[in-house]
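Please read the structure below before turning to the comments.
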């Protein structure tokens, strides 16, 4: 596909793992590696399919997961003594827990930041700055979007191969216009509503890319009422 | 100089500044008044604004004192300035900031090993926003830059000092999702390996 | 909304802004409170700051109200900010400004005919400082720009409105002299060149 969405992927592989752990309600200390690896790869697959810039770190983590999986599946007699003692997942779990702490710290900081928004000092500059900058908030994560998109795709059914038969550039542009038209009629729509009536997978991909592009352009914003809930698309 | 006069000057200083002013800075202006008196005069002003129900308050932040409106007027002020909210930091920035705040002095590779992604772009934008600063170079191979947070960081989040950050131990342990935790908690390691096997072949 | 609450919101608005806020602007935020009540609440705050001996005051300026420190704290604030005085306007700027203030709407050649010198540079710097603004073009040959003063001009000099400028008649003679104006107004370009010449060599 020639059209490349320049959306920055802020989230990394650790975010994706934590996301999956939470979504699947897993115990971080006892991660079912095979299951999580499978899901992890599925997300990578979707990202690649969408031609998103999948950072190298995602692939490194995929390799790590597969390595852990293979070691867990090895019969005990084939393992070295020190390998027996340590759970092959231990290192990853440690990293995830460490990272999760900082994510939590970040959440606390965010709460503080929002608190501060209610407070004004005697600074005209700030007031001027305020009226110019309308902060943008990606309130649902990229993984939430990918997850929703993956559900949409699954709903259509069979794993039909993607064909590169269209001039995406114009099509994405058309889709963008389409989406904005829809949002002119109604100020907000559920994520899935943009895919209603689409049977062609390629068209669905293009629609998704158009949504990503609109997020990047700050024309639309996405929100979730609750974690892992339905995604709603709003006109900015 | 009488304390009453000193108090008025302190009020004028705090009123005119849009950055927090420290007791030391006030002392430099007032000279003959000792720090302890300055502190108690500030406290006195704080109490007065409180008891008089003034719309502004005097808050200790980033090692100094700053006058600001009370939070309950936020909605009205936003209406006046026609803004919904200030530019908020992205999740990536917040995470990187937390790591720097807790681990400082810290180098880029340490941050990256925790976040698991490249943070060059985020560091750049945090430096631009003056929320972090370069503290020097680490005397190891490659002489990497050392990062730390700034007073603006404290101000942005309304913190008096770094010690006001929640203790690492206080941060919620693994999951935020306690229900799910209970479910899987009972499982032993053996169970899971089995589970993996079934999962694989099922 | 109770008046007490409205008063607190007005205080928060005035406190947070460093530009004068007009009654109309406040009304836009408070909606249900009428202008007259707003005015009396402001008066009420003014009196309160006065009677409590606050270091700041609420002053009507440039068609609005602005909180500022009282003048007697100037020396302390200058000591704190380590400045002797704000950037003062040059004599040339002040003269040009006065001419614009009294004669507005006014075009460059009129100013030059009064001051007897080229004012292009001064006009440029006054525009940059936002003390004057371009009001349009005069429909005469060359379609010259028309200048006038701004709200910032009023603020800079602490004036409520242009009507607060001293009356022309009150002004001590020579200085921003109306006579000279009358002279040059009628004067041809040649007269002016002569004038400049005298000035140059005198």
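Read from first to last, the chains carry the letters A, B and C; within each, the first residue is number 1.
Methods note: a contact is a pair of C-beta atoms (placed from the backbone, for glycine too) under 8 Å apart; a residue touches a chain by one contact, two chains touch by 3 or more.
This one's a predicted model, so the numbers in the text were calculated from it and none came from an experiment.
Asks: Taking all protein C-alpha atoms shown, work out their mean, then name the chain whose own C-alpha mean is nearest to it.
Replies: B
Asks: Quick one: name the chains whose C-beta contact count is the highest of any pair.
Replies: Comparing chain pairs, contacts are most numerous for A-B.
Asks: CA centre of chain A versus CA centre of chain B: separation in Å?
Replies: 27
Asks: Whole-Å distance, chain B centre to chain C centre, using C-alpha means?
Replies: Their C-alpha centroids are separated by 41 Å.
Asks: Report, in whole Å, the distance between the mean C-alpha point of chain A and the mean C-alpha point of chain C.
Replies: Computed value for the inter-centroid distance: 55 Å.
Asks: Mind pulling the chain B residues that touch 2 or more other chains?
Replies: Where chain B meets two or more other chains at a single residue, that happens at 15-16, 67, 69-70, 73, 77.
Asks: Give the residues of chain A touching no fewer than two other chains, as numbers and ranges.
Replies: 120-123, 127, in rising order.
Asks: Over in the complex, which chain C residues touch chain B? Could you list them?
Replies: Within the complex, chain C touches chain B at residues 8-9, 11-13, 15-17, 25, 28-29, 52-56, 67, 69-70, 73, 76-77, 79-80.
Asks: Once bound in the complex, which stretches of chain A touch chain B?
Replies: My answer: residues 8, 10-15, 21-22, 25-30, 32-35, 38, 55, 57, 61, 69, 72-73, 87, 95, 97-110, 112-123, 125-127, 130-131, 133-138, 141.
Asks: In their shared complex, at which residues does chain B touch chain A?
Replies: Going by the criterion above, the answer is residues 15-16, 18, 66-75, 77, 81-92, 94-95, 97-99, 101-102, 114-118, 121, 156-159, 165-166, 168, 171-177, 179-181, 183-185, 187, 189, 192-193, 195-197, 199-200.
Asks: Taking the touch rule as given, give the residues of chain A at its contact with chain C in the complex, in rising order.
Replies: 120-124, 127
Asks: Where on chain C does chain A make contact in their complex?
Replies: Those in contact with chain A are residues 12, 15-19, 67.
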